[in-house]
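Structures given as structure tokens follow.
Same chain, two partners: chain A is paired with chain B first, then with chain C.
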Partner chain A sequence: MILRPQALDLRIIAHFLGKIVVLFGLTMTLPMAVAFAFGEQVPVFDFAVGLLAAVSAGLALIGAARLPPKTDMQWVHGMVVVAAAWVACMFLGAVPMVLSGHWGSYLDACFEAMSGLATTGLVLVQDLDHLSYAVNFWRHLLMFLGGQGVIVVALSLLFRNSPGAFHLYVGEAREEKILPNVIETARFIWLVSLVYFVLGTALLSACGRFAAGLPWADALFHGVCIFMAGFDTGGFTPQSQNVIFYQSSAFELATVVVMVWGAINFNLHYAIWTGRRAELGRDIEVRTFAATATLATVLVSLGLAHSRAYSGAWGLVRRGIYQVLSAHTGTGFQSIYAPEFLASWGPLANVGLIVAMALGVCACSTTGGIKLLRVGIIAKALREDVKRFLAPDSALVTTRLRHMRDVFLDDRMVRSAAVIMLMYMLLYLAGAVAGCFFGYDFLGALFESTSAAGNVGLSCGLTAPLMPAGLKIVYIVQMWLGRLEFVAAFVMIGFLWSFLRGK
Partner chain B sequence: MKKTLFFIIGLLGVALAAVPPAAGQLLTAEELFAGARDHDGEVVEFEGEAIRAVLPRGDHAWVNLYDGTGAIGVWVPLEATVEVRYAGTYKVRGDRVRVRGVFRRACPEHQGALDIHADTLAVVAAGGPVEESLDAGKVFALAVLLGVLSCLLIYNLLNRKRAPR
Partner chain C sequence: MKGLRVGLVVAGILFESAFVAALGLWLLCVSIAVFVLSP
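Let's look at the complex of A and B:
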């Protein structure tokens, strides 16, 4: 029997959701400051409308909830709040974007907002090269907020340490705590990110000024934006040509440093910060990354050699390997134009990229996709099974893996990894089938679907303002599910179902 | 009659052969992306708005041109870029520029970049500053939302006072 949620359940959810929405609305003061700095007037009004709409919505939820003090959340509340918060932030984050007039419809703006929050990087913006600094900054800020985690932002600023805070943290696809309590973990994530923000922005701004040749103000602005999109493995850029715009290999190299650094597990960052640098070489995720990146590079190189896409080795490195790293880290920066994937690269190279996009990199990082911890666990389990068959019947076969500490592989761990992996596979396939339904070729549809669900953002040209509205909605759902790793989203759907059909 | 026909066809053939090589087809970015292999190595003409900034590289420069269907990087001698006064941003409509040069699907000089190496560049329409215009509907929406927010703030404050501690 399904139990219908009580009024108190709804009030708890509304209260905490309201708090997150208010905080999200207040972040719109940052692009307003950018608008003032660059002397832009109309965007100030666009963001003022967005800010007031978000804060009003949040206060309305808090007011309607009238929650008694010290009421805490259960698991179900935490999960529903997280899943609903991402949807609410999408709708509200899209308001200043659609007001700017650079999106064809509110649906397009919602697509771009979810793409930003989920750190995907697929775009439907029109005439990006004439977009205001403020709205452009907002697109990249959405990536930074979403990559760090909307909930991590809220936990750092709004919540006291409680079981409810932990439920929220887990709901946002982060099972691993770095420090004993989640509030300190959330603050550590922010500390790491802000330190890297300063260093990364300095590096990218210097490359933008001296290697790309941008004026100082633009170099700084682009440095900030590209850092937020790169470190959070998002892939938005301020110009329509993506990183091609800078026409600089030095700038592209700087983006590689930033996106690989952003793809690393925050636990590993903590280990590096506390002097345990050896962990980098021992961790299962890093080792799996080395193996899978090599595999994808071989596939893409063979494909590019077969299709004769580039005549020299440097072309292969600057275009081919760059795209492998961009796909594997889930960033989506493009050093080639979108139509080139299908027109010039050939099927094998595209399959290599799809594999890289599907896998993702580290758990507890800003990347999407299956995650290499799960891939590593399943590979170890497979090896253990083979060893078990080869060993005498009486032998006890165990497998140890290193992920921050030594862990013995058990069935529960393997089952959990396999279930999530299977869910991702189904999600990639479902999006590809939807793409075929709307009339696109299977390879292109699978490419774009994997990119959306794996929160990567590479596009072979399918994602465009004129694509069918139904496919836009499919990709929005894929980005949302992929970023939250299913659980919170499924709990929210189950909650809504029990509200309708429960007794 | 037959002789006359052969003579005319022959004359046409000679005339066609005598036409100098194509002066450069005017193509859009979309056409260049879609037919990149077909146009590889061809002399083409391309017209678009200069975007953001001219990016100097020694005696050459990159000018990114946007034609409404897409943007392409054009590699051009630095002295040819002095004509470009405005590059497109939020507040500036960039100069509309026409270039003529060799299109490369995967340029060997630039590590596989899809680009145009132009030998001529001409500004066909000057750009300039763009004025912002504020929609009155936005001001109205702002006023309404301010009213709503004020009511909600008062309601929440009253709720907090009434709530049991």
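Let's look at the complex of A and C:
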């Protein structure tokens, strides 16, 4: 029997959701500041409308909840708040975007907002090269907020340490606590990001100025935007030609450094920053990353060599490795034009990229996809099964893996990894079937679907303002499910279902 | 103490950047090897 939620459940959810929405609304003051700095007047009003909408909606929720003091949330509340917060932030984040007139409809703006928040990077913006600095900054800020985690942002600023805070943290697909206290963990994630923000922005701005020849103001703006999109493995760029615009190997190299920094587990950053540098070479995720990146590079290089997409080795190496790392880290920066993937790369190279996109990199990082901790666990389980068959019947076979500490592989761990991996596979396939339903060929549909659900952002050209509205909605749902790793989203759907059918 | 912590962080960042460089070089070698050896 399913129990129907009580009024108190709704009040708890409304209260915490309201707090997050208010905080999200307040972040719109940052693009307003950018508008003032660049002398833009109209965007200030667009963001004022967005800020007003978000703050009033949040305060209305808090006011309606009238939650008694010291009421804390249970698992179900935490999960529903997280899943609903991402949807609410999408709807509210799209307001200043649609008011700018650069998106064909509110649905397009919602798509772009979810693409930003989920750190995907697929775009539906029109005439990007004439978009105001403020709205352009907002697109990238959405990526930064989403990559850090909307909930991590809220935990750092709004919540006291309580079991409820931990429920929120886990709901956002971050199971690993770096420090014993979840609030301190959230703040450490911010510390890492801010340190890298300063370094990465300086590196990218210098490359933009000296290698790409941008004026200083533009170099700084591009440096900030590309850092937020690269470190949070998002893939938006401030102009329409992606990284091709910069025409610079040095700039591409700088983005690779930023992408890989972002793809590393925050736990691993902590270990390295506290002197335990050997963890980098011992960690199962890093070892799996080395193996899967090599596999994807072999597939892509073989595919490109066969398709003769580039006449010399340098073109192949520069474009091939860049796209492999961009796909694998889930960033989605493109050093080639979208139609080139299907037109000249050939099927094998595209399969290599799809594999890289599907896998992602580290858990507790800003990347999407299956995550290599799960891939590593399943590979170890397979190896253990083979060893068990080879060993004498009386032998006890155990497997150890290294992830911050030595862990013995158990069935629960393997089952959890296999279930999530299977869910991702089904999600990739479902999106590909939807693409085929709307008339696209299977390889292109699978490429785009994997890119959306794995929160990557590489596009082979399917994602465009004129694509069917139904497919835009499918991709929005894929991005949301992929970012939250299913559980919180399914709990929210179950919660809504229990309203209808509960007793 | 604070200086030591900052030193560790700087060393850590340099170490992570060296890891990126090593990974890039490794993939570069793999890619060139595939290109040269592929029929």
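Here is the rule we go by: the second predicted complex is superposed on the first by the 503 of 503 C-alpha atoms of A that agree within 3 Å, B and C clash if a C-alpha of one lies under 4 Å from a C-alpha of the other, contacts with A are read in each partner's own complex, and residues count from 1 in each chain.
Heads up, the rule we're going with is that contacts are C-beta pairs under 8 Å (C-beta built on N, C-alpha and C of every residue); 3 or more make two chains touch, one makes a residue touch a chain.
Everything quoted here is computed from the prediction, not taken from an experiment.
K.L.:
Looking at the overlay, what does A:Leu302 touch: chain B (first), chain C (second), both, or neither?
P.N.:
Touch partner of A:Leu302: chain C, not chain B.
K.L.:
Once the structures are superposed on A, label A:Val55 by its partner contacts, choosing first (chain B), second (chain C), both or neither.
P.N.:
The answer is first: A:Val55 touches chain B but not chain C.
K.L.:
Quick one: is A:Val317 in contact with chain B, with chain C, with both, or with neither? Answer first, second, both or neither.
P.N.:
both
K.L.:
Should A:Val407 be classified as contacting the first partner (chain B), the second (chain C), both, or neither?
P.N.:
neither
K.L.:
Counting only touches as set out at the top, which of chain B and chain C does A:Ile473 meet: first, second, both, neither?
P.N.:
The answer is neither, since A:Ile473 touches no partner chain.
K.L.:
Between chain B and chain C, whom does A:Leu214 touch in the aligned arrangement: first, second, both, or neither?
P.N.:
Only chain B; A:Leu214 stays clear of chain C.
K.L.:
In the overlay, work out which of chain B or chain C sits against more residues of chain A.
P.N.:
For chain A, the partner with the higher number of touched residues is B.
K.L.:
First (chain B), second (chain C), both or neither: which does A:Leu30 touch?
P.N.:
neither
K.L.:
Let me test your reading of the model: by the given contact rule, A:Cys436 touches which partner, first (chain B), second (chain C), both or neither?
P.N.:
neither
K.L.:
Of all the chain A residues, which ones make contact with chain B and with chain C?
P.N.:
316-317
K.L.:
Write out the stretch or stretches of chain A touching chain C in their complex.
P.N.:
So the residues of chain A in touch with chain C come to 195-196, 199, 253, 256-257, 260-261, 264, 269, 272-275, 277, 280, 290, 293-294, 297-298, 300-302, 305-306, 313, 316-317, 320-321, 324-325.
K.L.:
Taking the touch rule as given, give the residues of chain C at its contact with chain A in the complex, in rising order.
P.N.:
My answer: residues 8-9, 11-13, 15-17, 19-20, 23-24, 26-28, 30-32, 34-36, 38.
K.L.:
Would you pull the chain A residues touching chain B in the complex into a rising list?
P.N.:
Its residues touching chain B are 39-42, 45-46, 48-49, 52-53, 55-56, 59-60, 62-63, 66, 68-69, 99, 129-133, 212-215, 218, 239-241, 244-249, 309-312, 314-319, 336-337, 339-340, 343-344.
K.L.:
Show which residues of chain B lie in contact with chain A when the two form their complex.
P.N.:
It is residues 33-34, 36-37, 49, 51-57, 61-62, 64, 66, 70-71, 73, 88-91, 105-106, 108, 110-114, 132-135, 138-139, 141-142, 145-146, 148-149, 152-153, 155-156, 159, 163-165 of chain B that touch chain A.
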